[in-house]
Every structure is written in C-alpha cells, then in structure tokens.
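I'd like to ask some things about the structure below.
Chains: A, B, C and D, in written order; residue numbering restarts at 1 for each.
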Amino acid sequence: MSPAEKIEIKQRSETAPEPVIDSLATIRDMVSACIQCGTCTGSCPNAFAMDLTPRQLWYNVLMGEKETIFHSKTFSLCSVCYCCTLRCPRGLPLTETMSALKQIAAKENLAPYKKSIQFYKSFMESVRRHGRVREMEFMTLYFLSMKNPFMLLKFAPLGMKLMGKGKVSFEFPSKGNGALESIFRKVEELEQR
Amino acid sequence: MKTAKINVKDGDLLTALRDFFRSILHLEDISAILVPQHLPAKNVVMPTLVTDPKQLNGSDPLAPVFPLNAAKIVSRLTRKPMGAKIAVVLRPCEIRAFVELVKLKQGRIEEVVLVGVDCLGAFKNGDYIQIVGKKEGDFTSRFYTDALSGKKLTFEGFDLAPACKACENPVPNGADILIGLFGVDTNNQLLIQARTPKGESLYDNLDLSDSEEPSERPGAIESLIHERTAYRDKMFAETTEATNSLEKLNTYFAECINCYNCRVACPVCYCKECVFVTDVFNHDPVQYLRWANRKGAIKMPTDTVFYHITRIAHMSTSCVGCGQCTNACPNDIPVMELFRAVSYHTQKAFEYEAGRSIEDDLPLSVFREDDSEMCIRDSWWLGLESAVSGRP
Amino acid sequence: MYKRQLVVGAGISGIRAALDLAEFGYGVTLVDRSPHIGGVLSQLDYQFPTDRCGMCKMLPMVNRDASSQYCLRKGLFHENIEIRLSTELVSVEGEPGNFQVSLRGQPNLVDPARCIGCGECVKVCPVEVPDSFNAGLSGRKAVYLPVPHAIPNAYIIDTNACSRCGECEAICPTGAIKLLEEVRKNFRILVVDDELIMRDSLKAWLEDEGFAVDIAASGPEAMNHLSKQAYELMLADIKMPGMDGVELLQKAKEIFPDLSVVMMTAYATVETAVEAMKIGAMDYLLKPFDPDTLIPMIIRIYQDLEASKESPMEVGALVLCAGTSYFDPSGGNNTYGYGIYPNVVTSLEFERILSGTGPNKGRLVRLSDNKPLRKVAWLQCVGSRDIQIDADYCSSICCMHAIKEALVAKERAGGALETAIFYMDMRTFGKSFQRYRDQAEIEHSVRFEKGRVHSILHDENSGDLIIRHVDYSGACIEEIFDMVVLSVGQRPALGTTALAELVEMPLNQWGFGQTEPFSPTRINKEGIVLGGSFSGLKDISESVIQASAAALSASRVIHAAGGSLSPEITPADSFPDISQEPPKVMIAVCTCGDLLLKLLDTEQLIRCLKTDPAVDQVAFLEQTCTVTGWENLFELVEKHKPNRILIGSCLPYVFTQKIKELGQRVGLNPVLIEVVDLMLMAQSSKLKAETPSADEISKINSELLAVLGTGLARLKWADPNPVPSEKILQQALVVGGGIAGMFSALAIADHGFQVDLIEKEEILGGNLNWLQRTLEGHPTKTLLEETVIRVEKHPLINVHTHSQVLSSYGQVGRFYSTIENNEKGAVTLEHGVTILATGGAEADTTSYNYGSSEAIVTQKELERKIHDDTIDPNRLGSIVMIQCVDSRQEPRNYCSRICCTTALKHALNIKEKNPEINVYILYRDLMTYGFTESYYTQARKAGVIFIQYDLAEKPQVTPMDGSVRVTAVEPIIGQKIRIDADLVVLATGIVPKLPRDLAESFGATLDPDGFFEEAESKWRPVDSLKEGIFACGLAHSPRNITESIATAEAAAQRALRILSYERIPAGKVVAEVRHSLCNLCERCIEACPYGARVVDPDLEKVLVNAAMCQGCGSCATVCPNSASTLAGFLDQQMFEVIDSALEGTYS
Amino acid sequence: MKYLYYPGCSLEGTALEYNASTQTFMQELEVDLLELKDWTCCGASAAEATSYLLSLALPAYILAMAEEMDGTKEILVPCSACYLNLKKVEEKSRKDPELLDKINTILKEKKLHFHGQVRVRHLLDVVARDIGPAKIFSRVKNPFIDLKIAPYYGCQCLRPYSIFDDPEEPRSMEPLIEAVGAKIHPWNMGGRCCGASHMTTKPEVALELVTAILKAARGADAIVTVCPMCQMNLEAYQKKICGKSKEDLRMTILYLPQFLGLAMGLSEQDLRLDLNLSVTKEFRNKL
C-alpha cells in the first residue's frame, strides 16, 4: 500500500527516480508513531550537513515518498550515535530506521550512495574473506570499487603514518580465514525468502 | 446641527432673549419655562417657573449671579413624572449638574428641554449684592457688553467668582438648545443651535431660518477656555501646595464650623440626609473625653476635615465646579478650590468628566466578583492622594 | 441520622467535596497525609485566567455562618468538618453506607493547642534540611511550619530529620514540645537474638525512640520474659541455637495470641521468614539493617497498633481525593540537567520563585547568583507524552500553567522579561484558554516555539543555559536563557498504589484511579468514589467539578443505605432579650500561665478599661484554654451576670465551639461573646525580658488596651437579633433533557425532591440520539436507553417534552418559570432552584465549500453515515479530516475540546474496517489531553497521516468530478501538498443552544461565545453569580459525555445544598437598607455582584434578599450616606474599632 | 578477576596500542584476560549498513563461541563499536525469542548455538565498576597532580544501552582520572559524536564534529578515550584541522588504560605510547 497515491509533492528533484524496492512498509511501521516534534533533528550531530532533517525524513517515510527519501543523503549521514533514539519521546528506533534505509540503499545499489555502499561492501567483503578485517585490503577494495585509485592518494599521508607505526599491515589476517563464509551465505539465503 | 440666528436690536440682548423664550413658551408641547428672573423684591435673580409668557419680562439669564445651582430645582421638578414638558434655561454648570443627578436617579430628563446660554460668568452672591445694590439701571447689560468686548470684569473692586474664572466649560454643550454669544456679532444677532434630536424638534417648530455658525466662534471659545485653563491650573497648584499635608489640610479648614452649608448648596450632593448629621456622628460624650485625654486638647467641633474628605470621596466624581460651596461658606473657606483640584484628578483617573454626557456610566458603578484588581476604595484614594500630593 | 463521610486528601478537590457534603449537613472527616491542607495549591499563589488566587470563593454561600470566613489557603473551619492532618487511611471494612475505617495519624511531637507559634524552637534547632514547601529551593529546620500561612499554624517536627537533641523542648515557653512521648514508654518491646551486638544495638536504637525494651539471648529466655511481663511487640531472630525463631514464634503465639512478632532474618533464611508470616508473624526484617530502615518500620507498627486500639470510625462513604504528584525530571535520561544545572527548575519551583513567600521573597532573580531574570524559557511535556518513560498521556494542565507563569513573571518584571514556551501542541482546550493564549502571544509577546527541545547546555562560567532547537525550515537555532523552566507532568500521587490495594480499586495502566465508563467518580466498588485529579489529570476547575460530583455520589450511597434526607436543623436557641439593656461587659484576660502578668500593669489596665461605662468587670484568668481555666471563667460569669463577654486569649479560631457552649450554659447569645488575640500582641511586642522597665510595661499596656478596645467596640455594637432566613421551595427545574439534564434531574430526584425536566424535542437524549460510541469504544446507546428509562420511571421527575421555557423570574428559593408545550399551551412552574442543561450542537458552517458536494461532510454526519452504512469505508480510498473549522479564531475563538478525539475515533474506526484506506487529519494543535493521548499514538501507529496547518495558510477544498481536492501546506517539508480525497470531513466544533435573552431572564449571564458564565471559572464552576442558578453539560462548555455528566452531578450537588433546607439562614453579615435615609439612587443595586438587591417601584424601597446577599459590603461602600449598611460593620462600630486600634499607636 | 577478552579487528590494526595497554594494565591489576580463540569480526558499522540479519549474526557467532569457553561468562570488549554490536545481540535476543531462533538457524552452519548466557562488558565498565577508583588509587606511583584531563566517551559505549553510565551526562571516567590525581576538564562534549564512521566517506562532516570537540578541549592537557574509532578520529586529523581553522588545536589523545597505566608506573614502552599519533611535547614535559 502506498498512502501517497493521491498526493503529489511539487518541486520534485530533477533527476529521474531510480527503481527502489517496495519495502518501505516495515520501515514506516518503525516510525509511524512519530509526532514530528523535532527532537531527533535537534539531537543529531550531523543535521547540519543533511539536506532533509531527520524530522523531514520521517515525514517522507510516513508519506511513502520513496523518491525524496532516496535522493536525500540524510540517512547516509547518520553516524549511529543513537542520540535521537535515546531522546525520542515516542521511543522510536530511529537509528535502526536510518540503518534500515541504508540497507535498502545497499541492496538496491542506489547511485547517490555509491561511495558509502562501496565502502561498507568492501569492508564486508574483507570480513567475508578473512573473518577479520585488514585496513589495507579493505581500503584497496574500496578505492578499486570506486574506480578511482587516486583517491588513495588523499589518504596517503595518514596511511604512510600508520604504516610507519606498523598499524597498517600488508599481511592478510591469518586467523579465522574464511570462517564466516557459511554465515554470510546463510544470511543471504534467509534474506532471499 | 441645525443653526439659526435671531436678530438683536441695538445690542439689547435681553429683549431678544425674552422674545425667544416667549416663542418657546408659545409652543404647544411646552407647558412652562424655568428661567432666572429679577424678582421685584431686593433686585435678586432667582429661577422662576413661568407659564404665562407675559411673566417673562424680568427674565435675565445673563445676570452675573446665580444664588443657587438650579440643577437642584430641575431635579425636584422632574423626580417623578409631571405629565407635561418644560423648558429650562440653565448655565452650563447647571446643565452638567443636572446630568449627574439624572444618572444618580435624582431627576428625569424625559420631560425637560435644556436651554443653555453661553456663560459669561458670575460674581459671588454677596459681591453681586454689593455691586448692584449701589447701581442704578441695568447692570446686566453693562456686564455683558464689557464681558463680550473682552474688558476686565471688575466692578467696585469685585472680581468674578474664582469658580467662574477657572471654568473651562463656558459653552453649554449638553443643552438641547444652545444660545450662543461667543464669537457672535451680538450687537445684531444671537446664535441658536439645536444640539440634540429633542432640541431639533423644538427648533423645527420655532419658525427660524437656518444659518451658519460664525467662523469666529470656535476661535473665541478657544481663547476663552485657554485663559480660564491657565487660571485654573494656577489655582490647582496653589491649592495643592496649601493642602499637601494633613497639617496644612487642617489649617485650610480651620474656620470650618460644621454648618454643612456647602453640602446644602452643592448641586450634586443628593443625599436625603447627610451621614454627618445622622447618629453616626453623634458621638458618645465619653468619646469626646477620651479623644481629649489622648492629646490633652481637641478642637471642637470635631470631624471637620473628615467631613470634607468624606464629601470629596462621595462627590468628587460628580463635581461640576459651579462654586456654590464656596459661595455658601459663612467663613469664606475656599471649598471649591480644593474640590475642583481633587475632582480633576479623580475624574481623570476614571476617564470620566462630570456632566459631559448622559451616556457615560458613573465611575464605580460596575463591580464584578472576579475583579479584585481595582478595589473601589483603592481607586478613590488613588485619586485623592494624587490630588492632595499634586502627583499625577 | 446523618452518616459521617470520609474524604481522603485535603487538596483542592478534597476541600470542595468536604465543603459540599458539610453544607449538605453531613459530618465530614477530612484527612490528609501531609501536615497541611490545600495540597499543591498551597504552593501556587496565582491561577489563570485571573492570575490571582481566589480559593476563598469556594466558601459556603448558603448558611455561611457554619464556616469561618477565612482565607481557605490559611485554614478551613466548618462546624461539620473535622480535619485530621498527617493522617492516613489504614483499613476499610464493611459495606456501602456502613464502612468501618481506621486512620493512622502521625503523632505530633508539638502539641498544637499549646504551640503559640513564637518560633523559639526554630532558632535553636541544629538540623537544616531542604524545604519541601519551596520545592527544596530553600532550607528549613527539623522543627518548622508546614506552610507559611496556615491558621492555626502550629510548628511540627520532621521526625525523619530530627536528631532528638532536645534543644527545642528545653526552650519552648509553653511546654508544647514533647520529643519522647510518654505513651511510647508503655509500648514494651522484647528483642530476642543470640548475638550480643545485635541485641544491644537494637535496644539502644529503640530506647532512643522512647520505647521500653527488654532483651533475651535465647528462645527459652524470651518465653521466661513473656510470662512475667506483657509485651506489645517481639523482634525475634530466626537462626538461634536451641529453640529457633520460628519455634519461639509458635510457642509464644500459643500462649499470647495477641502478641505482634516481627522476624529478623539473614538473606539465606528469607523463605523461612515468609513461612513464619503464615503462622502469625506480622512482618520480617532483612539483616543486615540500619536504624534508618528499622526505626520507621517499628514506628509504623507502633502507630498501627495504637490506631487499632481506637475503635474504627463509622462512615457512610469514602471520597478519595488523593490527587497527583509531579514528575521528577532528575531521574532517567536527565537531558535537561535538572538538579545539575542550578538554573533549570521545574514549573513548581518557578511558582515558588514567583511567590512572595518563596525563597526569593518574590524577587525575580536566579537563586544561584542573584542575577535578575531577563530571559526565561519553558519546556513543555517534561514527563508527559513520552512513551520512553511510560507516559503516553498528556498531563492536561502544563500548557496553561506555563502561559500563566510566563504572564505573571512578565508582569512581575514590569515587561523587562523575554519569555519563550517550547511546545509540541499548545493544549488550550478549556474554556477561555485559547483567548488567554492569544492574549499572551499578541498583547504580552510571550513567544511560542513549536518544537521539542532535547537537551540543555550549560555555560559553567555565566550559569546561563543554551537551548538548541529546530525550526520548520530545519535550521538549528541556539539561544541563551537565564533560566529554563521544565513544565513537569503529572504522576500518580505517592501512596496511590497502597490506597488502591486497600480499597481494592483498579488503577489504569499508568497508575491513576480508574473510574467506571461514563462516570466521572464511581469505581467498581460501591460506596467509594473518586474526586479531583486522583482519577486522571485535571485543572482546578475540572477538579472542583469532579469533587462536587464525587460528593453527590457519596451522598447517594448514604441515601441508598437509608440515610436521612433533610438535615435536622436544631432550633435556634432562645436567649433572653438584652437589646434594651445597656451594655454590661465582662472582660476576661487570659494570662497564659504567668506570661502576661509579668508584662503588665494590671491596675492601670483595669483603670483604663473601666473609663468606658460599658465595662463592668475586668478579670485575669489563668489558662482559659484548659478545663480549669474555662470553669473559672464560667463561675465568674455566673457571679457577675454580664450581658456581653470579651475574652482576651490566644487563637480565637479555636474558641468557636467553646463560645457556643458557654453561651448555652449561661444563657447568653454567642454573638455577644467575643475573643480577641492577645498572644499575637504579646509576641510582636518582642519583649521577653524577665523584668521589663516601667516604660516597656506602659507600652505593652497601651498595646493590650488597643487590642481589647477594638474587641470591646465590636462587642458593644453586636446585634443579638436572629439572622434572617429565606424560605425554600424544595423543587427543581431542569431545562434540557440531554444526558446532562437527565443526570442532574436523577441526582436531585434520587435525594427525594421533585424535579420538572423540560425538553424541547419530542424525545429525551439530546446528542446521544445520534452518537454511537465513544473514543474508548463504549456504546452510548445503552447509556441513553438506561438513563431515559430511569428518568421516565422516576416518580419524582415530571418530564415535559416538546416544551420550552418562555421566561423566568424570581430569586433563590422561589422562581417562577413559564413553560410552553406545543399542544398543552403555557403553564407556570414554581421551583427553588434552576439547572440549565440546554446543551449544544455541532456548529453550522459554510467554510471549505461545505454544502457544494456530498463528499464534504461534518464529523456528526460522518458518525451517522458510518452507522447507517451510507458511507462504507471499504469503498473509499482516502479521507481528509479538517480540524478547527471556524474554531479557535475570532469570533468563535475557543476550542471545542471533543473534535480532535472525535476525529481520532472515526479515523481509528475507519482504519479498522479498511486498513488500506488513507486517512489524513489536517490539524492545528492536536487536543488529545489526558489519557486520550494514547489514542493519538494508536492513530499514528495505524497509519493515519497528520498534517499541521496554520491559520495563515488554511487548507483549500475544491470539489472535483467524483472527488474533492484538498491542498495544504505541509510545514515539516515546507511544501504544498495536494490530496484528491473521496471524502472530506469537517470538524466544526460545538455551539451552545441557550438563547441569551432566556439566560438573562433566569438571571444568568453568558460568555462572549454564548456559553454559561460561571460565578468564578475555577472555584465556582457550575454556579451562576445569581444564587440558585446552575448550569451543566454543553450549555456550560464543550465537553465529552463523561465530563458532561460530571458537571451535571456537580450542578445537582450545588442545587441540593439549597434544596435540602426548608429555610436557609442567611449569614450573620448581611446588608440592610435604612429606608429613611435612602435616596433610591440605585448605586447599590448596580454595585451588588450577586443580584441580591432590587428596587420595588411600588414600595419605593430598595430590598435585599438575605440569602443571596454574601455580605461583601459593596453596597455599603457605594452608598454615600450609609443608608445601606452591613450588619456587624456599622459605621459607629467601625469608628470605635479604628479608634481603639489607634489607641495603641498614638500613645 | 577473570574475563573473556574480545579485542576486535581494530586492536589488531590501527589500535595496537589500545590492545597492548589494556593487556598490560589488566595484568598489573591482576585481572586475567582470556582471549577468545579464533574470534572474528563483529561487523563493525558496515554490517548494519548492509544487512540487518548479518549485523546480528556476526556478533552472535562471537558470543556463541564465547559461551563455549570455560571459566567466566563475562566478556570484556575494549572497542566501543564491537561492544555495541555484541551488546545489541545480547539485549535483542533476550527480548525477542523469535529473533534468537533465526540467529541460531544461521549459527547452525557453524554448529553453534547461542543461549544468551554471556554478559558483554565494556572495558570502561569493568575499570570503573569492577576494579574501581580505590584499587587504582592504591597502585598510583606517579600522581598527575598537574594534569587536567578531558574524558571522552564517544557514543557507542553509552548509547542506546545505558548500562554503566548516564548516556547524556557520562561521568564514569571522572573518579578514575581523579584517582590518579588529575583534574577534570569541565566540558560537555564527553558523549558527543565524533563522526568516526564518516571519516572516509564524508570527511567534511566528520572533521566538523572533531573540530568542535578539540576546540572544547582547549585548556585540557589531554583527552582520554575508550574507543579506537574515537581515538583515531581525534588524533589523526589534527594537523588538517589546525590548518583549516587556523588555530592551534593540537591535543594529546590517550587511551584510558594508557593514561591510568602511566600513573601506575607502567612504562611508555609497555603501554605503547610510541604508537600514538598525537602526544604533544607539552604533555610529555608534564609527565
């Protein structure tokens, strides 16, 4: 069900909407008791950088405004500090809702979030392969996936510094190698259902 | 506002006025006219209730004297239905006093037509007798000629009464029919104005021809009021200075003998019997002794200042400043001066002006249970205190 | 005989219920667990909308002399009310109409009868604790005054804080303090423990508390003690060698079944202890324990046992008015830094800061650094509407409280104060609230910021507070405030759960009292009713209404149980007529031990007093407060036979009853006996020297003379004539046969009085004829049917349908109303009181293109159409509801209170039938006050979309082909939205149906919106200023069914207070007219606020209705020559009183 | 005292010194740490951003492994991100049996079953409550009377589960810092978010947050942290931030065990102070 069938929001963004899976319903249930008091926005350390405030994001979730939601960078800017969750007078799982939106974006590989998605996916790929994560590998995977190896240069000074301290290793982690593959597979299997 | 002019021959205002009164009395629905007249005896001027037009020959609303404020008379005439309509010729302060009495349910306005004459002022009663007692002939015309030509109104060393000199209401604005002198070429004309619907219906029956108000009139009135206000403010300042402590107030009323003449003369003091002559102030003999004991000596009679303050408390919101109180005082206490000074502030505090309009509610008459902010006593004391202390 | 009634809780509703019952003639016992009456109101000085107090307006209006006319915040003195403070209800037995209750009073270590309030004890007390009266903002000693203003205001001792140092006991000049009560010595405790240290410390602790303690080291030794000496209580250890505690318990109980035993146990043997309770132990103590847990428990046991010795009190019904308490913001996620940042205060604390008796003496400065307040913020919904802290409800009162505080603070600051209120919805749902809010915003520039503030930052250096909030554009704004006030919400009162368990009443999910559907007061248990905010969250006026309704329900219980109906009026005692005798006064001065004699020159005093020939005798007596002293006085009176008695002593208020007795014994009308307070004078003289100088003595003499002189002056003029009374026609007229009218008619008829019930329509029921069910889901049909049957079958109710009142005149006790029936024509009914229950209706509208399309309906039409299936939610795709149609804006600038909940009701109902439907509610502020808030949450959860709109940009409604297009500005996203709806529902609000001219003919006035105008919106909410006229239901104000019933029962209660008397006596203080002086200027008629005066044109006289006159004195004030006078305040009398008072200041 | 020990990936990489100092510190206080065998990644913040189920399955796997271990049921976690991930599973599975079933379906793959019997403890929780300031005070060798310390808690050890401290006004580090003689820098940034997860993808946002924290810390001699992400964020970008804001915002950032360890007389080498990216000269001089 989409409650927004008969509602039209003007001043739509110019870019054409990308296909989005129609699974907003569960997410809407997470925030349906929202009374739009704005506590979340006031609490959010990253609100200053967001295009929609969290309050506006929830409103769009309630209204089923997929296109607005997935053109906004708001949820990708959530740094999972849980301030809003803690303070919401309705006790809504707001941080988890942000994550749920991230998950949709990741599943759908939505273009606006490419950077974050690739970052996380690279990380998880590293974990999947080795059981533990090694910064060097995962950063390389990330920069490669971004098809921009030059990005590496931006982080080079820090990387060099860390390498100097022996904190970034070129070795892959030895222990637990491949230990998590079966778990990843099973999760994927369950999520397909 | 319907306006007309009637002709005056040789500057004889009185004749023209008498003719006009006759024409009013001739009207079908006017049964009588109350007008000040020279009485044959002793050359005094008193209100007379006239039904026969011939009996208007001595009428003289311009004589500079009014031994009593006629509002009291009109109140007596109208307390209950009379079954007929009368016209009453009054000074502005009398009209204003009557308006107050109507609001106090002491008179009814339904059966009267108020005819007001521009007021040139008056002398104290005693002074007037002194002046006219020695004069041959028509003092009134000498007076109004001087008054209207702006000469100094001092006769035999007697000046106009202070109340009149301080009166900023020389024009009878509340009258149904106004007879205008200020700014009018009184050698030839008198101004007649119908100021109310009641006045208009009378006017319509009077065979008058419509005309314009002379353009000089507003200016003339304004300058007169300006002069009076200046006098008044000076009087307020002096009075305040003379009464701004309890001690000074005692001195101010030192000569008072509790004769209560001032309250009898006061047009708005309407009580059947003043509380000061009732048993409330008929103290036990032992009480006097106790008071005397307390201080070693007390002035007799007691309660003099208390009396005046109480009268101010009761009546200052309705005081029209006619000055009859001062007139009535056997010991020449300037009662009016203090009354007016206090009234000015109390009336201002309530945004009320005594006698201005029948429509304005009397102050203090509306009281609600949940309205504890302005307690009756508080607000009154506020006025008195500021008046006495001279603070705004 | 009249049954006594018990009112639990002496807050505002408890006082109201007690007064209502007492005025009705019941004896009432009013208990409160705190040491003062007034509840939280004793801490609140100002009430909106007047921004003043006004509590005194609750004082009885009929039979006024039964109650002292004192400030109710200071004290309540009614001859039918017994007040027991620091007292709790501990048990309830029996059945409705016949309960036996036991009460437990905290023993008072200060004897209130002896305490003279000198405060010497406070000076020496070494213990300082936070003062709860000032919400902890200031400190107080362990011995203290519970409130600064009570009368009598005896000091009390905080037993928890008191260190028992004895300093106060030593310094008390009247011996009023007894720290260790003698009686405790009679309470013997046996401590049995095998550990020596345990035995010894217990003995020491308990003996410190004044108990008599013996110790035993083993079971056999204990048995030995028990056989020799009677014990009240035994503390027995469980684990002892040989005979263990349980065995000891068993043996002891066999021989001494009445012995109370408390087991002492370590954690390991808790189960044994629980078992022990099954065989007769009363409780157990878990080791290790400290004195702080042990002592209160033992004292409680002691008090319970002492209380159980008193025979339980017989009462007819219980009215529980236990109130609520405030949320404590320091617990949980204290994001506002309450208790950490000194300038974050609660609304109650701010109230104390505003108060002249507060920690700042009313100066508007910060407590932390004395900085004057220039900018203050209020944060709403602290502890309310917060699911995280289990408060899915609105506390109902905080919005108005915050506005009031802002306005009072602004006034106090002379305008030099910036105020901002941060809120989610401004819940201005009560009568006149919306205009008050608008005025605050427009005229007084109180800033209203929509948005919830999540946390406060603190500037350590300046003490200022930084608030970060978000506006609609999403911009974050940081603002600095001097002080932040947290508008704390309501919580169940302390002890609610225990009380509920005691009377076996249910609590709702948040712990508040739960009443039966449609009843504001009744619970599932007959004979026990709830009043005030105990059953939910209410402001003063609703609490007062509810309390009166509770009084009615309680009285009904008595009636059902066979209580008598009309109060037995004791015939007025006849006393010898002394009106012709000259005054012969006896002055008796109580010397309070020898305290006064030390300060006085008695010879000189007698000489001075006797200069007044009215004074016959001057006597000095010792301790008139004691029985002996009083007997001495009686003998003197017998001997000298004065015709007036003046007593100089302390606390005149406690003498009322004694004076009555004395009068009866010596045959003197009690009005001729007067008591003046000498103690006040003795204290204020500040003279405590053992040997005062001659100058000082003469000064005290003249002060004393002034006090006695004023009393003498009053007494000389006292008028022994009987007070006038007015005859009452014991019948009522109820206008309007809706639910409110029917309920009030039933309430009156059930008390045995005849009622005429007038209904305009063909059938009874009013709005209930179309309503289907409530938000909570209760069907209204059953209620309607049952009520109509009860009304129609009631032998004392005459139902006049198809009838209207044409006109009415008269005064309380006898009104004449002309009723016109469609067929039968006009008849005139006579009645003693009138209840206006003329109801209200959904307002008509032409807004939003109403009428142009069938798809645009009102909420009422929706209810009907859903019921008769003309609207089928399953066939609709989307519905838009628009709230506040024509409401909350001029000219109808009031909230109709029910529309938001009605919208929720329908939205939830529709969503239930068709979950796929889209429901949009366009609202301004959602008024889901109280527990209805949870339905708002439910609606949100059900997927209803809420869109707020602003008056400046109202939604647009355009009928289209087959649908209705609604456009509105959505403020959150700041965009215009468009909804094509299948149905648009308008909430047009309620308009009253009482025509202004009819109201005026009854003598009632209407407010600007046409609702009934109360005598006083908070304290006399269902009364008209004109006595004998009451209103209820929608004629009074918009409200739901249960709230309407509350007003109906309250109005009935207020009416019954009059109806139950054949004649109602006026008060002693009544105005009179001295016709010979009267000029008929009628200023007194205009001045009389109660309409008690009329001018009779035939007699040409001004007449006063003595029962309606409240003795306020307005008439006497406006009358210039004292033609209008007030009994007891004659000019001469007042002059003499003033004169005597001056005596003291002149010399 | 004995705890299971889950260091997490960061402590093998960028936060080597946290691992080293924690172990040394605990050893000094006679606390045994039994490191989990074959521990795997908890999913960090990446798992939750990609799959809800995965974000629970990964930590559940770790806890299930922990349940297999003998000796104690308490698992000490120094990394706040790991702590939260593990805690979340502990809490959620306790409240939601259905979810627990689902998780166990996944763990079946590894022939493990999670019973919900281990208790996840943050390092700070253990230091503050189990060890306590008194014990630390008794071990102090170099009291830091001249130091003023800004305690920084970050988010995830406080929120959303407020187990051992106030999530809004955290104070648990203060008695510990005071126990070694140092003073507390008065600030209210201790629980503020540093934006760690954004540093790679949205550095402009994260830098803003870090700048605010560093500015508020001015006046302190060091910031003490309990999370490798916070530590890295606060120490690694100082140069960049100083350049951007044109202010000297350099600040020593130490892990809590490092700081307390120093006072207890442990060597800089043992505490691996050499691995810290930002220890100022001024701070060293005060030691």
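Definition applied: a contact is a pair of C-beta atoms (placed from the backbone, for glycine too) under 8 Å apart; a residue touches a chain by one contact, two chains touch by 3 or more.
Predicted model, so just to flag it, every value in this text is computed and none were measured.
Most remote chain with respect to subunit A, judged by CA-atom centres, is B. Pairs A-D and A-C differ in how many C-beta pairs touch across them, and the larger number is found at A-D.
Averaging Cα coordinates per chain places subunit A and subunit D 23 Å apart. Once the centre of each chain is set as its mean CA position, subunit B and subunit C turn out to be 56 Å apart. Each chain gets a centre from the mean of its Cα atoms; for subunit B and subunit D, those two points are 95 Å apart.
Within subunit D, the positions touching two or more other chains are listed as 162, 167-168.
Those residues of subunit C in touch with two or more other chains are numbered 333, 335, 455. By the definition of touch given earlier, these chain pairs are in contact: A-C, A-D, B-C, C-D. Within the complex formed with subunit B, the subunit C residues making contact are 50, 52, 54, 57, 611-613, 1015-1016, 1025, 1076-1083, 1086-1087, 1089-1090, 1112, 1114, 1117-1118, 1120-1123, 1131-1132, 1135-1136, 1139, 1143, 1146-1147.
For subunit C in complex with subunit A, the residues that touch the partner chain are 333, 335, 381, 385-388, 424, 451-455, 468-470, 474, 476, 877-878, 916, 918, 936-937, 940-943, 945-946, 948, 970, 972-973, 975-981. Interface of subunit D with subunit A (complex): residues 9, 12-16, 38-41, 43-55, 57-58, 61, 102, 105-110, 155-156, 159-160, 162, 167-168, 192-193, 195-198, 200-202, 204-206, 208-209, 236-237, 274-275, 277. Taken in their complex, subunit C has these residues touching subunit D: 333-335, 337, 340, 455, 457-458, 460. Of all residues in subunit A, only 45-46, 48-49, 76-77, 79-83, 85-86, 95, 99-100, 102-103, 106-107, 115-117, 119-121, 123-124, 127, 131-135, 139, 142, 155, 158, 161-162, 165-169, 173, 175-176, 179-180, 182-187, 190-191 touch subunit D in the complex they form.
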